[in-house]
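The chains carry the letters A, B, C and D, assigned in the order they are written, with residues numbered from 1 in each.
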Amino acid sequence: MINKVFTSFDEAVADIPDGASIAAECWGYPATPQNLIAALKRKGAKDLTIITHTFIPMVYSEEDAALPSLLLPQMKKLITSIAGIMNLGAGAFLQEYVDKGLEIEIVGHGTLAARLQAGALGLGGIYDPIGLGTLLEEGKEKRVIKGREYLFQEPIKPDYAFIVAHKADKLGNLVFKGGYRGDQPAMAMAAKTTIVEADKIVEVGEIDPEHVVVPGAFVDRITEIPEDGYGTPEKGAKLIGLLTQISSVRDLLFGKVEQR
Amino acid sequence: MKQRLDEDTMAMRAAKELKDGDCANLGFGLPTLCALYVPEGIRFEAEAGILGYGPLVQANEAEKADWHYIDASGRFTRPAPGMACFDVVASFCMIRSGRLISIMGGFQVSEKGDLANWNTGSGMLGGTVGGAMDLANGAKKVIIMMQHTTKDGKPKIVKKCSYPITARECVDLIITDLAVIEVIPRKGLRLQEVAPGWTPKEIQALTEARLIIPKDVKEIEL
Amino acid sequence: MINKVFTSFDEAVADIPDGASIAAECWGYPATPQNLIAALKRKGAKDLTIITHTFIPMVYSEEDAALPSLLLPQMKKLITSIAGIMNLGAGAFLQEYVDKGLEIEIVGHGTLAARLQAGALGLGGIYDPIGLGTLLEEGKEKRVIKGREYLFQEPIKPDYAFIVAHKADKLGNLVFKGGYRGDQPAMAMAAKTTIVEADKIVEVGEIDPEHVVVPGAFVDRITEIPEDGYGTPEKGAKLIGLLTQISSVRDLLFGKVEQR
Amino acid sequence: MKQRLDEDTMAMRAAKELKDGDCANLGFGLPTLCALYVPEGIRFEAEAGILGYGPLVQANEAEKADWHYIDASGRFTRPAPGMACFDVVASFCMIRSGRLISIMGGFQVSEKGDLANWNTGSGMLGGTVGGAMDLANGAKKVIIMMQHTTKDGKPKIVKKCSYPITARECVDLIITDLAVIEVIPRKGLRLQEVAPGWTPKEIQALTEARLIIPKDVKEIEL
């Protein structure tokens, strides 16, 4: 059987060149391929384009979490629907990089999903109804189809997708847990090369064919998150503890429903 | 001085808009509270790809928080019977096709029902759009929950939004701490209910857009 | 709890008006919502548009199976990627209806899937790379995007989707079995109203959230296939027995690999 | 008289193109046979949304046939460890993105590598396109398995397809009962292997398109 399993995150990202585009989920805090991101930081590839649903600033130490924002010094372009959480200082933390030349493309989340799906299907473009009359229509071609206006949107086909899965079998079949699927199936299907970090790698046959979310044909490399890696339940619990000590974050996570 | 509704009362009023079998997406902040006041049979959706999640995890039980189960605002929820997990493409198919009711916060709503709720005006980085535009354009019903006026007393229900808009003519109902206002397409804003003790005239005085005031304006009932 | 369960197929399709468009899978023989199709035939709605991946002629009696082709006399338009299996007489069986005014739109299967997905996402159109230089490009707008040519394709948003699922819970969450998913998730998401016939209706909570394929929000009506209904394992086995007696069909199903 | 290869031998030769880890879609008819002759480690895909199905059900075991598990030609297969079920949108993402090898039948292949394999020429109803165009345009490698000539002896490898085409310049390799021919982009058709006992000249005589005949043409090896 062909071997897709890598024992080192560094080896799994070793071929990523300067200028590569990388799609990586970042939903909640640890629904993020943190170990691959940290490896890419160590590798130091430059001029990256990062495609992510949320770009959360690092409000804690790199020892506790590794989000896409860790890659800021290596980035040329960011495509995202959330450039920083408003209550955590909005996009202000990005301004310093924008001033130094970082290009930011803001895209509505549904449009991001539709553009990834279009990339996965090999489409040349789509007409999307979202964003009309808003800042996001700037520079976009408009077209009326059957009496309704649409914006032309380009597909997104990342060079690489970094995926965090719950389980991967050795053929690359993936299952997720809860809200961790997010944009990841579309990212894995749209990318040229898909690299996975999984909570657990299992033997072929251990995942029921009906439960597979991303079929193995879309997956090129698989790594397993070690006990001391990012994104383990222990690290998650520690992070929640740390974050609830920051009042603005505590308000985000629990605020409105506290003591009711 | 006459009282404005507190956040919980607003949430109770908004929750009344949800009926058995409805699926709803609750936006960041205030709308999250609605989850506490709905009857059985309502399912909530999170853009990440969860429909029908269970009760929110509260601050005093933070040890039960599991990052895998979060609502549309990133708060911790729990799995529940009948829940479904799916991907974001399916999530936005759901959001964009009128299958959900959207309850969102708002910076401003115009007399035409334009919504501004993603950007405070300082360019592209002045806000977080997320799925707001999809919800505003695609939901079966768009309900905006917000304070009637800004912290410094300026109207948030305006003739024309001064903040960058989220979508044009998308709002169906506005629930504030003073009133419930319906957007009637091509006609304007119809005052439906007022907070106890407030008169339509007083509400109009705090509203920049002209309100259509029918004879039968009621007090907000829960 | 809101009741989506219908005990009668006839009631489940009772509101379908003349002129409605209906997406219904037809893959292999019984991966087809046969009971709903039979009910729609009984109802007799006219001028229907049928969207289906394969349009197989009825080579056996209506007692044994009910495929979309049963609706031919009620149809105004057919959108399909396979208008009859070549070895079973190709499209010849359709010619009689074409002569009487039936409109047929042939679309590549991937394009059909992409158009349903576009419909589900509310897009106004897509640029598809498939079909260039072929009969299927006739009448389509062409556009060069980044040096490559594409065809404009319209989304498909059927009024109704008829879905055959393996299990449905009472909220409408669906799971499938084997190759029965097919186009059905896209059809269910694209349609205004989705009507399901399931091998079995189960209680809420009996389907693991991670195993749901079509979430209940996309499903409006649910019926259960009765023991004497179409598409049961018994009927399937009987059909195989009948079909293997027709030599051309036998060749399709087993021919090349016989006695090896 | 010199023999042409039988179907099984053609399938064995085509199967040699598949390597450990490859995923392949086997088209209607002849290509289906390849499934019988591949080593371990190859997974097959059916457009319906199955990757990695098990062995085909044969005619003498028809009682094991289950409609839920069918290959790309609608033949009965079986579940197998490592199999994945998905929907048709994912299936065509896989097909269109160079993740599969496509082995299909053909009516004609042109000297430019145009493929005609869906339509016998009598208008739109003269054929069944299914996923053929997607496979022809999107596969990592397109291998056409067909008889070298028609039943009445006419060449199927032609200057220009007379049948309606499936896709332009899409074929990578042609495996017939007489030869293995590679399509070299912008150069033409290069004869790679011949059936035992046949000379390149004899193959050219049965081929309308001009063949590039290198010095080292070999006999087909299995």
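The rule we apply is simple: contacts are C-beta pairs under 8 Å (C-beta built on N, C-alpha and C of every residue); 3 or more make two chains touch, one makes a residue touch a chain.
The shown structure was predicted, so the numbers you read here are calculated from the model rather than taken from an experiment.
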Third chains touching both chain D and chain A: C
Contact-graph separation of chain B and chain D, given in steps at minimum: 2
B-C compared against A-B, more contacting pairs: A-B
Cα-centroid distance, chain A relative to chain C, in whole angstrom: 34
Chain C and chain D: spacing of chain centres that average the CA atoms, whole Å: 27
Per-residue overlap in chain A, given as positions that touch at least 2 other chains: 110, 113-114, 117, 121-122, 129, 176-178, 185, 209-210
Chain B: positions in contact with at least two other chains: 50, 79, 85-86, 89, 92, 96, 138
Graph class of chain-chain contacts, one of line, ring, star, complete, other: other
Pairs of chains satisfying the touch condition: A-B, A-C, A-D, B-C, C-D
Touch list for chain A against partner chain D, complex: 1-2, 117, 120-122, 169, 171, 173, 185, 189-190, 204-205, 209-210, 212, 215-218
Touching residues on chain A, where the partner in the complex is chain B: 27-31, 53-54, 81-86, 90-92, 94-95, 98, 104, 106-111, 113-114, 116-117, 129-136, 176-186, 213, 236-237, 240-241, 244, 250, 252-254, 256-260
Chain A to chain C touching residues, read off their complex: 110, 113-114, 117-118, 121-129, 143, 145-146, 148, 150, 175-178, 209-211
Chain A-touching residues of chain D, taken from the complex the two chains share: 20-21, 23, 40-41, 43, 45, 50-52, 79, 81-86, 89-90, 92-94, 96-97, 99-100, 138
Touching residues (chain side chain B, partner chain A) in the complex: 7-8, 29-30, 32-33, 35-36, 46-50, 56-60, 62-63, 65-70, 73-76, 79, 85-89, 91-92, 95-96, 114, 119-120, 124-134, 137-138, 164-168
